[in-house]
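Listed below are the structures to be examined.
Both complexes below contain subunit A, partnered by subunit B and then by subunit C.
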Partner chain A sequence: MAPTKFNGKDHVHGDPIEIPPLACGAMADSKPFVASPAMQKPLGFPGELVDNWQEKAINRLGELVNGSRALRVYLDSCVKCGACTDKCHYFMGTGDPKNMPVARQDLLRSVYRRYFTLGGKIAPKLVGARDLTRDVLDEWYSYFHQCSQCRRCSVFCPYGIDTAEVSMAARDIMDTIGLGQKYSNEIIGKVFNVGNNLGLPQKALRATLESLEEEIEEDTGVPVKLPLDVKGADILLVTPSADFFASPHMEGLIGYAKVLHEAGVSWTLSSYASEAANFGMFVGSHENMKKVAERIRIAAEELGVKRLVFGECGHAWRVAYSFLNTLVGPLDFLDQNYPIPQHICEFTNDLIENGKLRFDKSKNDEFRLTFHDSCNVARASRMGDKPGGQFEIPRAILRATCNHFFDMAPETIHEKTLCCGGGGGLLTDELMDVRLKGAQPRMRALQEVAEEHGVTHMAAICAICKAQFSKVLPQFGFDMESIVSVHQMVSNAILMTGSRQAEEYDAAHAAPVS
Partner chain B sequence: MTALYAGLFYVATLVLVGGLAYRIAQYARTPAPLKIPTTPAPITRAGVVARMFREVTLFESLFKSNKWIWVFGWMFHVGLALVLFRHLRYFLQPVPELVVLAQPAGVIAAFAMVGGLLALWARRFIVPRVRYITNYSDHLILALLVAIGLSGMAMKFVAHTDIVSLKAFILGLMYFDWRPLPQDPILLVHLGLVAALMIIFPFSKLLHAPGVFFSPTRNQADDTRERRYVSPLSPRKA
Partner chain C sequence: MSSYEVNGLVAEHDEEGYLKDIHQWNPELAGLIAQSENINMTPDHWEVVNFLRDYYEEYQIAPAVRILVKEMTKKFGKEKGDQKALYALFPYGPAKQACKIAGLPKPTGCV
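Now for the complex of A and B:
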């Protein structure tokens, strides 16, 4: 872990969205490791910073502006009103003014103005236009890797300016000139080579799934299967590879398996598309995002499935819900009577609403729960058929499976949710300092409900959130295991037909014999 | 002086109209490769129209964000709209009933407009975060707008100008039948600044006015599962 002087325990009390005093340059030294040539090449990027990088970067910026209405309008339209200045969790946690969304955009906007606008060409000083120098590039590398592309700022901007679009463009430019980020680019390479972010080969995956099957059967007496590469299954489940690997992700996977079993559907995982995540989005590379997404269509076609269901992963759900159909569609070989794609929470909630699942909520009585809305689910996608379903459905599942549920402060949930601090390609150890500071607002909101309602656990539906919280919770004085999967709660409480749990429950709740 | 100002206004009008038309065409022609509405978003076109209407009339997102900026920003923009509406009486003959009725409101609106601007300007000095993001050009545009407002109000409340001749001059410009411009220094300042504002409009952050309508996070419907979205324009270059 990179050295950090930040002690979360000193910062966990207070208003979650408190505005800090400005601390200029406080985070200038925070930057991720640079990708090696071996990591750059498979993605189609130069191995290292090219000689004519300045010229190439400016050209690329021009291409991006011509290719993205969002980028063009957002670079032109900002009036510097200040509405976004206190909305970024990284600003709240660090006080560094370059972490204010508008200031982050200005790192790129100043260069856009210099080379692409009349004012910036004639009078750069007047309009805040800057030459693209090495110092500016270094600032880009530092501060565009202190943005988790969570879009909280875009909720509050009167023109809907989305800093995520700007930070994706900046990262695309940096990749194009050979200055890539190691963490994200290495992972994209693993997806291309092995099939998933963790580099988990098919054999290991199969072994993991088999051991989970044994575990479930031992625990419940029900032979729940976690099928892999089964041709002709109805449903392809695509889930983040963390679900095959670590706690509390794995408990979530067990939950999906139990629900799918109880629903009586045939389903399968794919070793070829054994990853829902798509870091192509984080690095702003349309081509890589498309290539990563393509695996899912290919797997679905080869396995001959009719439906596509996604596991608990925030940005993966954004790519699946908002982009998949555009990038690799039309997906007309799938059964059009079902949502394409469908979120596992939608799948579970439909069953709950139709009375198809039984729960013993008391099995979760040791959990006093709150729910962390993951940013890409909250602000970049939907669940269900009504706007805001992405807030209601996971909570409905938690309420159906747990007796004790409490929401955090309204300014920190739903569309105003605070990022976990590790999204957008920042979930790497050398960025631990900014990850901790960025988690501060969420940790404070959690502390409030812990004090008010005795909340002990926080549920989430995103692999990155879960991994980030597992790391940062202890630094703020919480238990590492206080982050849980939504389907972990389902798994704990579900009464599968014929399971030991169901028998015990029915025996205890049988009408007394008179 | 009349010829100078007549020429200036022809140029300013050309730059404003031509520049904005160019920008709008540019925004319209730039592809939006993916659906990126900030959710929860409306799922129908009608819902999007309603969202955009709320955004440009009530400043809905700004209201969520910061009540001070919202109050002052809204005061300024509504004030400006009423003041502009009031000014129609210099361009239309006969003056429509509604414009006549709006005259008193337009006068009050001038105070709201300038008051809002001054408050927004004050924030650029008082609030450290806003001071940090402010460029010289942000001050200049505020200065320009305030000066336009104050010079206009001066002609209403301090030294009346000859509005009958002024109207003759403006109508003359519109119908290419030039009449002399009253040689009133405040009026000359007022008109000169307005022409300057018209000229910088298409080159400055004032582009937020057309820009908001083209903002994909606000103008797209959340309907990707219902219908496949493909940008009607050429895909972005690799």
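Now for the complex of A and C:
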């Protein structure tokens, strides 16, 4: 873990969205490790910074603004109104003014103005235009890796400028000139080579799933299966590979398996598409995002499934819900009577609404829960058939499975949710300092409900949020295990037909014989 | 790139201290890596490290935390085998930190 002087326990009390005192340049040295040539090349990027990087970078910026009217509008339309300045969790946590969204955008905007606007070409100083120098590039590398692309700032921008798109463009340009980020690019390479971010081979995946099957049967008496590569199954479940490795992710996977079993559907996982995540989005590379997404379509076609269901992963759901059809569609070989794709929370909630699942909520009585809306689900997608379904459906599942549920402050949830601090390709150890500081607003909101309502646990539906929180919670004085999966709560409370839990529950609740 | 040196062996590691060539690993080297992580290797630490290495040899990856916990519960009993006990042994996480000491690659992704 990278050294940090930040002690979360000193910062956990207070207004979650308090405006910090300015700390100019405080985070200038924060930057991730650079990708090695071996990590760059499989993604189609130069191995290291090319000699004519300045020229290439400007050309690439030109291609991007010509290819995306949205990006050009984002770069042209800012009026410096200041609405976004205090909305970024990294600004709130660090006080560094370059982490104000407008300042982050200006890192790219100033270069765009210099080379692509008349004013910037003629009188750069008058319009805030800058030459693309090595110092500017270094600033890009540092501060575009202090943006988790969570889009909270864009909710408050009267022009709807999307800083995430700006930071994706900047990362795309840096990759194009050979300055890539190790964490994300190494991971994308593993997806191409092995099928998932983790680098988990098929044999290990199979062994892991078999171990879980044994465990579930031991615990419940029900032979719940976690099928792998089964041709002709109805549903392909695509889930983040963290679900096969980390906690509390895996406890969520157990929950999906129990629900799918109880629903009586035939389903399978795929070793070829054993990853829902798509880091191609984080690095802003359309080509790599498409290549990662293609694996899902190929697996679905080869296995001959009719439906596509996604597990708990925030940005995966954004890519699936918002982009999958454009990237690799049309998915006309799937059953059009079901949502394409469907979120596991939609799947579970439909069963709950139709009275198909039984729960013993008291099994979760040790949990006094709140829910952390993950940014990509909250602000870049939807669930169900009503607006706001992405907020209501996970909460409906928690309320159906737990007796004690309390929301955090309204300015920190739903579309105004605060990022966990580790999203957008920042979930890497060398960025721990900015991750901790960025988590501060969410930790304060959690502290408030812990004090007001005795909340003990926070549930989430994103693999990054879960991993980030299990690392940062202890630094703020919370228990490491106080982050849970939504389907972990389902797993704890579900009364599967014929299970030991159902028998015990029915025996305890049987009408007394008179 | 820096390296570890122990008994005449020079073993290169990456920016985060993971061995470049996992075949260079030996128990003395593990002790040295542990030292750089402020960990004093006890027999309990060795149980975890040895299990990780055996698992890696078979599956080319470290085991899931839950599987590691299950295995250590078998070995140590319930109280010393839970996730928290593993974190007490390896404060920066039984997966990442113990992998580093065991000479294995770092688990990547959303973990």
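Some points to look at:
Everything below uses one rule, namely that the second predicted complex is superposed on the first by the 514 of 514 C-alpha atoms of A that agree within 3 Å, B and C clash if a C-alpha of one lies under 4 Å from a C-alpha of the other, contacts with A are read in each partner's own complex, and residues count from 1 in each chain.
One rule holds for everything that comes next: a residue touches a chain if its C-beta (ideal position, glycine included) is under 8 Å from a C-beta of that chain, and two chains touch if they have at least 3 such contacts.
What you are looking at is a predicted structure, and each value in this text was computed from that prediction instead of being measured.
Residue contacts after overlaying the shared chain place A:G355 against neither subunit B nor subunit C.
By the touch criterion stated above, A:P410 is placed in contact with neither subunit B nor subunit C.
With both structures placed on the common chain, the touch criterion links A:I464 to subunit C but leaves subunit B unconnected. In the superposed pair of complexes, A:P512 makes contact with neither subunit B nor subunit C.
For subunit A, the partner touching the most residues, choosing from subunit B and subunit C, is B. Contact with neither subunit B nor subunit C is seen for A:G264 once the two complexes are overlaid on the shared chain.
In the superposition on chain A, A:G25 makes contact with neither subunit B nor subunit C.
Note: no residue of subunit A belongs to the subunit B contact set and to the subunit C contact set alike, using the contact criterion stated above. Listed in rising order, the residues of subunit A touching subunit B in the complex are 19, 21-22, 63-70, 72-74, 76-87, 97, 100, 102-103, 106, 117-119, 125-128, 151, 154-162, 165, 286-287, 321-323, 325-327, 329-330, 339-341, 378-382, 385-388, 390-391, 415-416.
In the complex of the two chains, the subunit A residues touching subunit C come out as 1, 33, 182-183, 186-187, 190, 196-201, 203-204, 207-208, 211-212, 215, 240-242, 244-247, 249-251, 277, 313, 427, 429-430, 463-464, 466-467, 471, 480-481. If you check the complex, the residues on subunit C that touch subunit A are 15-16, 59-61, 63-67, 70, 83-84, 87, 92-93, 95-96, 105, 107-111.
Against subunit A, the residues of subunit B that register as touching in their complex are 23, 26-27, 30-36, 38-43, 55, 59, 61-62, 64-66, 69, 73, 120, 123, 127-130, 132-138, 140, 203-205, 207-208, 211-212, 214-218, 222, 224-225, 228-231, 235-238.
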